[in-house]
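Shared chain: chain A. Partners: chain B in the first complex, chain C in the second.
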Partner chain A sequence: MKYRVLALACSALVFLPGGIVAEVPSVIAIRGARIVTVSGPVIPRGTVILRDGLIEAVGDAQPPPEAWVIDGEGLTVYPGLLDALSTLGLPDMPRLNGTGRPNAARPRSAPAPARGPEDRPLNTSYLRAAGELSLTDRRLEAARNAGFTGAVTFPTEGVFAGLGAVIDLAGKRPGEMVVQSPAGLYLTMYNGGFGTGYPSSLMGVIAYIRQIYLDAGQYKAARDIYAAHPNGLKRPGYDKWLEGVLEAPRVLLPANDPKEFERMLRLGEELNLQVLLYGLAEGFRAPEILRKHNARVLVNLRWPEKPRGADPEAEETLRVLETRDLAPSTPAALVKAGVKFAFYAGALEKPADLAPAVRRAMIAGLSHDDAVRAMTLNVAELYGVADRLGSVEKGKIANLVVTRGDLFRDKTEVKYVFVDGMKYEPETPAPAAEVTR
Partner chain B sequence: MTRLLWAALAASFTLPAAPPVVIQNARVLTVTRGSFTGAVLVKDGKIAEAAEKVMIPPGARVIDAGGQYLMPGIIDCHSHIAADSINEGAVSVSSMTGIEDVLNPDDISIYRALAGGVTTANILHGSANSIGGKCIVIKTRWGSAAEGLKFKGAMPGIKFALGENPKRRGMDDGPAGSRRNLRYPGTRMGVEDVIREAFTEAKAYQARWKEYEAGKARGETLIPPRRDLKLEPLVEVLEGKRFVHAHCYRADEILMLLRVADEFGFKIRTLQHVLEGYKVAREIAAHGAGASTFSDWWSYKVEAYDAIPYNAAIMVRKGVLVSLNSDSAELMRRLNTEAAKTMKYGGLTETEALSLITINPAKQLKIDDRVGSIEVGKDADLVLFDKHPLSSFAKVQKVFIDGALYFDRDRDLSERQLLQLKKKKLLEQEKQSAPQQKKQDRRPQ
Partner chain C sequence: MKPVALWIAAAVLSAAADNSFLIRGAAVYPVSSPAIENASLLVLDGRVAAVGPKIAAPKGVRVIDGKGLRVYPGMIDSATEVGMSEIGAVGVTNDVRELGDFKPQLRAGIAVNPSSEHIPVIRANGITAAMAVPDGGVIAGQASLMRLDGWTWEEMAVKLDAALHLNFPAIAARRNTPFSEAKREYNRDLKQLDEYLEQARRYQTARKAAGPGFRTNLQFEAMLPLLEGKVPLMVTAVREREIKAAVEWAEKQKLRLVLSEVRKPGAMLAELKAKNIPVILGPVQDLPLDHDDPYDAAFTLPAELYKAGVRFAFGSFGNQFSRNLPYQAATAVAFGLPYEEGLKSVTLYPAEIWGVSAEMGSIEKAKWADLMVTDGDPLEVKTQVRRLFIKGREVDLESKHTRLYKKYLARP
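Up next, the complex of A and B:
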């Protein structure tokens, strides 16, 4: 059934491809809805007023006369979901793969094998997601239909893949999507293996990362000294790779099991980096390590699965079986240990897989509140944009998802999605959009 | 047997700080202080007493080892277990890399080595490079995190390699059907050149930093030189703060390396493999290098044709500090029988043979004040065999590291079934939750 309370009456309809109707009134009020603010207590029945893309009021406010009013009876308003790690809006770049392991760098050309860190191999730290966004990415619409209004999106190729951005999942021009850039630098442990250029091994990658950060520190010192006293000093050269590294407010490092947690957290501490670990499939094994290091982590919602086409005769180890069984208990274990985490859906095959994946974590002990928080306010806090995103609060960006039923439940229907105060409606009540990628 | 089965099994052995342990009625092979039938008292992770009779302190755990043999934990001076990567083969000087960064405490080879009585191992970078990566000495503390594996206080090391491995990095197709070498060097001469060039650079780097430190001491405002992770370990070698473990085979390349080291003023701590060491044993002893070799491997590659099983014994007799290593996760489990071979080939005594896998590698790694023999005050790294460890029928019964029981054969055997059950349960659970597949009709035609 279609909820088009206002659509027919509206004079300024914008028809977007894919059957979505966006409306452009500057003031919208959702009245009489249950409001899950996330930052505060749930408001059983209240009004949310959106003006010029921002949240103007939450609670028992009266809709102003100029507002387009939506009857929220029976509906729940949540902050729009944020995908903490994705490639949304970057259709030309490879997607995150399901394993949480890095993507191979595509051979853009065939460069000479690197001889060391000075050749800056597998390094596009200067690449900015914010400058590469495209509204033609069909995944944007599919993600909105699943309740996402924002994402943190990254280039993902190579070792130093590039600078991510916090984006809204809609806009008139790509630049309008950007909320914060750079959001961080995405690093992987990718290497071509023995017989390729440097680095060709995991230890080569780690040594390379260490050298780059040492170089960046040296570069910054030299740059600052030169900026203060250019006269009479030999000028330092410009290094676009180190510029990218220096610009990143935080670094994303991959870690799926306890040995990797320690390895990456120690590296981060040694290099004095703000680290977000991503992956975390085996987080259930050692939440105390994460707690001890005060780690901040991004949990891959694509739980480990038996590889398709695996040899049915091959015997799997107890550890692999255990991991598949217990990986969804990671979020609950993190909550219990007091480790701050957010979910990322970027590795899911399609947005429709989101709710079942979250439900598995809830069956394994995660509360509904914590699940919602892990896809809203926690994401905003981990990326330092909680003053703008992540909750239903006055002054924040008007990104909301309005549902009939609790988020992530089996039969829940996403009724509306608001991005920057613009209303989007999934065309079909059951948003099971299959997107070919 | 699956890897994780073992992991879970062995993890349960790791005990917290335990009460004193007395192992009594054992034949104690101290290696450095002769052998006797008696007891060893372990307290706070150290050997507190080793004598024919010891006082059993109250609350002590007493293990009756009647008819069994107690020896110091075996030390492997050349191993590649417990690491997630071994070779950074893209460059011929990969000294910026280090095993410490990639230690893998989940490697089942740790447990298997432990089950073979190995308690300490020198984990080396591979041999694809003239100058390889940094090494690390570990104890086989199965069940601990990477940090817990480290042998705290051991000297850091670095791997060098000579001969076939560093000169053959790989080939690709060159123009007109030719083949070309992908990486310099392609010859033994080239290997020498790479080492010389690296140390020449390292000396210049060392001088730059000294100059900077001197200027800073004079109160000048200076930008510090760029730190170079490739050259830093080589400066440490020059300053005697890092041991060189050099993979080598042929007599000529061994002499070459000793000459280069003498010229640049550093020492080769150990020659690894050193299959032609018997030809130049006097020169090796004169340099002060140790030799860590195989018992009886030969002819598996062209540079190993002149290897003889008497190598270890001849070098011992010529005054070289010799150890036997595994270089292999499989061989590592039975280094005791490797040591026994030197009695047949070269006539070493029992104690000399045992020294090759205990006190000698401990000296080579400069950890002989801590491990390598059963002496009061040393770490309680002990192995209990049911028969004399130099017998090929001997099986490891118990292994202690720092006084804690890390391997127990009886427990291992009894817990295997439990783990199998656990696994079976998980497999069935997964089968049931998997979507039902249509059964195909397979009626015979």
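Up next, the complex of A and C:
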């Protein structure tokens, strides 16, 4: 009898709405901290109040009596970091290397040789990151420990890889993580090379992308006409490969060097797409091209490095050496040229590589403010979610990172991370750079 | 009767034959010696009989007026697929590669198709002989020096075993393959090659001993001229590391070496000179090998080799583009190679490298009359080859190109 009661109690707990236990406390106040709002001036000493997962007040507000008060003395509050391009929450997706070149995202199962665009090869545009999220991805915690509270996460296989989502890096159910879906369509220039079926070259891939958009336009027109007058009209078929393409508010296109900037931007203009370029290793060479086209870009924080296992005697070109040396100066060059950019860490081996990578950009001339902005508000703006994310402002989602010391500096500790107002603490407060060791 | 008189008498008897003639009033460029203006060149029975200011035509010998013309030895292309490959993209017309790794018994010359459309085309530009180089596997087979005239390969063959072509193992740098793995593969390939040579040497010893159990092996039989130093090994080695490896290996194996397709010899230049290793240079008008090389890297390489004292000849490494052989030399000359050297590296030097300089490569008494008669400097693009002789027999300069030219010229 006694056991039965216990069992009932347990099952009652199980059937409680997932959040209740964890949602205590629902009001948190961080008092007396330095607040880097990003959207406005830095508040040298102020209070941030979080209620029910949202930011209730910022500045000299009084903590309400029900609030859990955290002493912010000596701490700095930043908006939580956003990874502008990642596979976080999608543990089965091939990791990014950010180049979008062949081998960047080789589909695990080789596609059957396709004859042409009508076979829709390398197209999984119907895949939605929002529906594939997994809370068991161990990288989520590691990313939080490094200061990330959100990410834009994408399927990465094939040419039309799939629809991404803006997510928060915690939640009780995968669906709770989603902030915005779809966030965009991730494209690569992947091709298997000669003899692997259509498309087998860069030219083929670009022709294929054009064809898909032409098909999508035709498909949409037919669909709309039919929707308006279904009676007496032959119905158009359902094409799942085009649905995703039509739904995407923007596309991500790979571009690392000036030639690719021109190529991809022109492609985007021709197809009338909203484009985010990603990669940008050689952005320092031609920021003016990006400026001219009013480009919006995502800069890979994994700076180019010498490939492991390279032939030690192989001559490396001056261009390669130069790129390896100067790639971290891209962000500063973009700021100077007035090009809007965000950083992405999705290609880093581990979140702990983040701070050193950002520091390299700062050594090459990027200001600390711009670095923070490129991982917070700029990301939110580029993905159209700045009304919810990206800064410490009233009404926004309560995603914060609280540090001792400036973000990205060598000895800085990440003290707390708040995701949807929930507090997370790295287990042993360690320097930001070594959080996940 | 004295032998010489007998010879002349015999020659006169056969003077009606089409391989005897006298060219009069032409400028003769023997290549091996200075040019002679307004000279005569007598060819009897296909061989050069005399060169001089004034030679009387023996009775019955055809006289050709050489006024305004120049006579040079025919050119020799030191690496081609001529006659073995007709249309690269059409598999059945290609006979350059054979299956297997070690095929020293294969003679490329036998695969040469005397009726190839490419032969008249390249001949029309003054090329009278070419090395047919087989490919594929490790020891690809015997490279054969072929004259570009004849009804059968037997008639064409100058030297079927002019060299043995070896694809020396290279550390193949591939994407996604770490260097250590490539190195391992390289070491394995090298070991395999060493073992093959070891077997060939054992065969050589067994053959000498001629014991009762000895059985002929045609593969190893074909290795004997190489082991005896009669035939060189033609080895493709492009960069310094490969060249160094090949040279050291050949030295260890005590084999004679001819390097081909050398592009970046680096510090090995001095070594090639010291060891007297000749080189067959690939297309001079090529693009630079590496991104940061000067634009004229391939153009100036012949001059660099010349300055270092390395012997070399040119090869076209193709079929139809063999016709551009003189312009390879011409580009080299424009980029620092002395003119005489340019001319020699398509005539006399290849003959020396392939061990046939007693028979061809220059206009000298008793050598075969492989001649081109031009209206100017053969290294000039505008120059036309007016007549061509192979073993003293005049060769028609018609080719597919001229046939098409006439056909479309006559189009209404």
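By our rule, the second predicted complex is superposed on the first by the 391 of 437 C-alpha atoms of A that agree within 3 Å, B and C clash if a C-alpha of one lies under 4 Å from a C-alpha of the other, contacts with A are read in each partner's own complex, and residues count from 1 in each chain.
Everything that follows uses one rule, which is that contacts are C-beta pairs under 8 Å (C-beta built on N, C-alpha and C of every residue); 3 or more make two chains touch, one makes a residue touch a chain.
Only a predicted model underlies this, so the values are computations on that prediction, with no experimental measurement involved.
Because the two structures share chain A, they can be overlaid on it, and in that overlay chain B clashes with chain C. When the two complexes are overlaid on their common chain A, residue A:Asn231 makes contact with neither chain B nor chain C. The larger set of touched chain A residues comes from B, when the choice is between chain B and chain C.
In the superposed model, A:Arg308 makes contact with chain C only, not with chain B. Residue contacts after overlaying the shared chain place A:Gln218 against chain B, while chain C stays out of touching range.
By the touch criterion defined above, A:Asn272 reaches neither chain B nor chain C.
Of the two partner chains, both chain B and chain C are touched by A:Thr317. Contacts of A:Leu202 after superposition: chain B is touched, whereas chain C is not reached. When both complexes are aligned on chain A, the segment of chain B among 62-70, 206-214, 278-286 or 404-412 whose C-alpha atoms clash with chain C is 278-286. Taken together, the two complexes place residues 315, 317-319 of chain A in contact with chain B and also with chain C. Note for the complex: chain C touches chain A at residues 171, 173, 175-182, 241, 290-292. Those residues of chain A lying in contact with chain C across their complex are 103, 308-315, 317-319. Residue ranges on chain A touching chain B, taken from their complex, read 113-117, 194-204, 206-208, 210-211, 214-215, 218, 221-222, 225, 257-259, 262-263, 267, 289, 306, 315-322, 324-325.
Contacts from chain B toward chain A in the complex involve residues 2-5, 7-8, 83-91, 94, 96-99, 101-106, 125, 128, 133, 145-147, 169-170, 182, 223-224, 226-230, 419, 422-423, 426-427, 429-430.
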